[in-house]
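A, B, C and D are the chain letters, set down in written order, and residue numbers restart from 1 in every chain.
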Amino acid sequence: MEGLDAHLEDLVIANRILAHENVVDGFGHVSLRHPERPDRFFMSRSRSPELVTCDDIMEFDLDCNPIDQRGRVMYGERAIHGAIFQARPDVGSVVHNHADEIIPYSVTKSPIRQIIHTAGGIGHDVPVWDIRDDFGDTDMLVRDLMQGRSLAKTLGDKAAVLMRGHGCTVVGKTVRDAVRIAIYLMVNARLQTEAMRFGDVTFLSEGEIAATAEMSASPLAADRLWEYWTRRSGYKNP
Amino acid sequence: MEGLDAHLEDLVIANRILAHENVVDGFGHVSLRHPERPDRFFMSRSRSPELVTCDDIMEFDLDCNPIDQRGRVMYGERAIHGAIFQARPDVGSVVHNHADEIIPYSVTKSPIRQIIHTAGGIGHDVPVWDIRDDFGDTDMLVRDLMQGRSLAKTLGDKAAVLMRGHGCTVVGKTVRDAVRIAIYLMVNARLQTEAMRFGDVTFLSEGEIAATAEMSASPLAADRLWEYWTRRSGYKNP
Amino acid sequence: MEGLDAHLEDLVIANRILAHENVVDGFGHVSLRHPERPDRFFMSRSRSPELVTCDDIMEFDLDCNPIDQRGRVMYGERAIHGAIFQARPDVGSVVHNHADEIIPYSVTKSPIRQIIHTAGGIGHDVPVWDIRDDFGDTDMLVRDLMQGRSLAKTLGDKAAVLMRGHGCTVVGKTVRDAVRIAIYLMVNARLQTEAMRFGDVTFLSEGEIAATAEMSASPLAADRLWEYWTRRSGYKNP
Amino acid sequence: MEGLDAHLEDLVIANRILAHENVVDGFGHVSLRHPERPDRFFMSRSRSPELVTCDDIMEFDLDCNPIDQRGRVMYGERAIHGAIFQARPDVGSVVHNHADEIIPYSVTKSPIRQIIHTAGGIGHDVPVWDIRDDFGDTDMLVRDLMQGRSLAKTLGDKAAVLMRGHGCTVVGKTVRDAVRIAIYLMVNARLQTEAMRFGDVTFLSEGEIAATAEMSASPLAADRLWEYWTRRSGYKNP
């Protein structure tokens, strides 16, 4: 496959990988900024990521209006994606998930910090956004662009933002970047939780955080992972 | 399928889903109030939920007498279901399980509290029933309607009740509701256990608990989950 | 199948179940006292339980000598089984395993106590045997009848004994009993470990321990489990 | 298969086993010293271990130069292997991995100590190497022989060395030895982490550590495991 089709296939594979690696379950979603029209993005109709196929992909403008809805039900939280694409021209893909390992860091005072080199790309710090701060009592979903923009503001120029009692949102230049960082943010949380049982933990230094971010995004590491995760997900070229 | 058959198929699928998501194992059961005769309910003959098929479904009156037993062995604890259907006309389905994550909250002083928005529907508090309080030393099974009514009394108007050293019982308007709440009660327990390691936890507010209960029961969330869980369970329309 | 063949089939199924439920891994074994000759027992040649078939079953006298070895390699620790069959005429089956959940209770001062009704049969207390007490530094295997008898002495009239830094040994009247108790001893350890995080735990009372032992061994509970575990193990009648 | 081919098949199987037992994931690698030319070693081209086949195996000299590269991408960290083969003539195989259970012991002051007899071979102590000590801020990969030699120096004459915020490296006389020790180092870490929750832990004595190392390497134990792990990995003789 070439051009747009290859990008859209990556988006479908991303759904399958995130499901297979337990980053998403029935909920969660991943989007792709249109590679030729930066004012548009793609994501599945409302469906659990494990089940997403090419036919489920819909196109949206950055205000999250569907280009050609044809009666399809849409994710209720697509404003997460639209608002971040508006705020961050450098971002080509957004992953939103509720991975188990992440939640404790969203509801306590323990910050996530990089503990292993493979988590390169999660950044120096991972801020926590609480929807209650700006919007009071809600059903905790990011239902409109105002809420999405509040989230994007807390994300700032970072790679990931936790959402209190909800999950997290991760961004990347490409779908593959965003998937990789989402998976390793989860792995890092799991390892950190275990290590903190034993008292003081040696986290990566600032220099190591920067160097491992670059290393993890290199083809040597990233291509090997993508091949591995794709095969494990059971995805077959249709 | 239509009418009663569609309801009964949901009951079979519910058995498979609860098994596949590790809410039930060899034990546990789920029931459906007869949609046309509220003085009757359906549940499987005595069999592990993973193995239940349409042919295993039996019909009972609310005193738990079988309508047409034909020699089939019945669950020893069907009084859980009968007693709750008697006490709660709003309830259309009951799930009883021993999920690992639930047990610690049944034998200690830590109450379950909602920590994540997806657990909408578990309610403001989840009471704990101890069979020893009313009945002294027993084999801990709910073997008759007196015991079932004691349990139903502690359940009150709530969505779930823990049972000391035993498990929990969850109710819903429909089979799909009860299954969803049973799964997310388990998920909530798992996340809460992890989060409590880190000290003070921010739980959902009263307003958030109410709003997420409504959101979680909405078709946007609930239908996506049912499709997802059904597919994962491997259930095939016969 | 009937008579001895049916008993031997249960022994093969027991191997598969214990492997599938993660009670045993590459190591561990299960034996059956000869139903017609109480001075003999059966167990597999030296092989991981997941791989055991009918053809692997060997016969031994209670001093652990093979009746008809035909060059087959034997488990190094069959003295566990022989010594217990000698000491306990009431025992018809022995399971030895290294389940992860058990080990912490074998190397610390925390005793296993019954926390859930389904663990009926594990008994009032589970003693811990340390091979170092009687035999000093060894490779920790129970390599001869003297070591086996020391273990059997600590087991006494109980249902299970932990082995320091090694695992546990569980007995039952039948293969199905021993398998069930071995699985739920593991489940009980897992639940107890989680519950103890939260401070004081309410364990079962003496009366409940006795009543749940009887209930768990009843056909209503035990047959449902055996059907369930057999199906899950993938065992097919050859 | 015989001779070199049999050794290379063991290397392929080792990749599959390490992946299936969750010692390695997308990353990690295993090498084999050439059985006839001790100045050479074999390992896969850059590929996730789960996917490695015979055709992926490349040959290197001990300075990590490929003998016949043919354009294949190589692991970035093969210096771990070359440096250890140079320093340790007794070593015939090296496994490098990032197993979850290991990481906490690499970033805290808790040392790994043998807690179960099956972990025989992990040694009296498992040192921790921090790349920052000799090389300051890096991307934490062992990218050249100087870094590899620093790691080999900390390994000394031991069986395993942890790498801070990274993982561990394990050595053995044969591929089967290295695989077995890598798996049980992970298992030991898992069990130790759980046991340490309960306060003081009884670890193996010096004499037991030595005796279990010998026992674990014996054919009775090692052959049973290799058959078991190979079958579980799904490896099929091509």
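To be clear about the criterion, a residue touches a chain if its C-beta (ideal position, glycine included) is under 8 Å from a C-beta of that chain, and two chains touch if they have at least 3 such contacts.
Worth saying up front: this structure is predicted, and the values here are computed from it rather than measured.
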Q. Which chains make contact with chain A and with chain D at once?
A. none
Q | Self-contact between copies chain C and chain D, residue sets same or different by half | A | different
Q) Quick one: chain C and chain D, Cα centre-to-centre, how many Å? A) 33
Q) For chain B and chain D, what's the span in angstrom between their mean Cα positions? A) 46
Q: At least two other chains touched by the same residue of chain A: list those residues.
A: 197
Q. Taking the complex as given, what residues does chain D use to touch chain C?
A. 115-118, 120, 187, 190-191, 194-195, 197-208, 211-212, 214-215, 220-221, 224-225, 227-229, 231-232
Q) Tell me, which parts of chain B touch chain C in their complex? A) 25-27, 46-48, 50-51, 73, 76, 98, 100-101, 103-105, 107-110, 130, 132, 136-141, 164-167, 193, 196-197
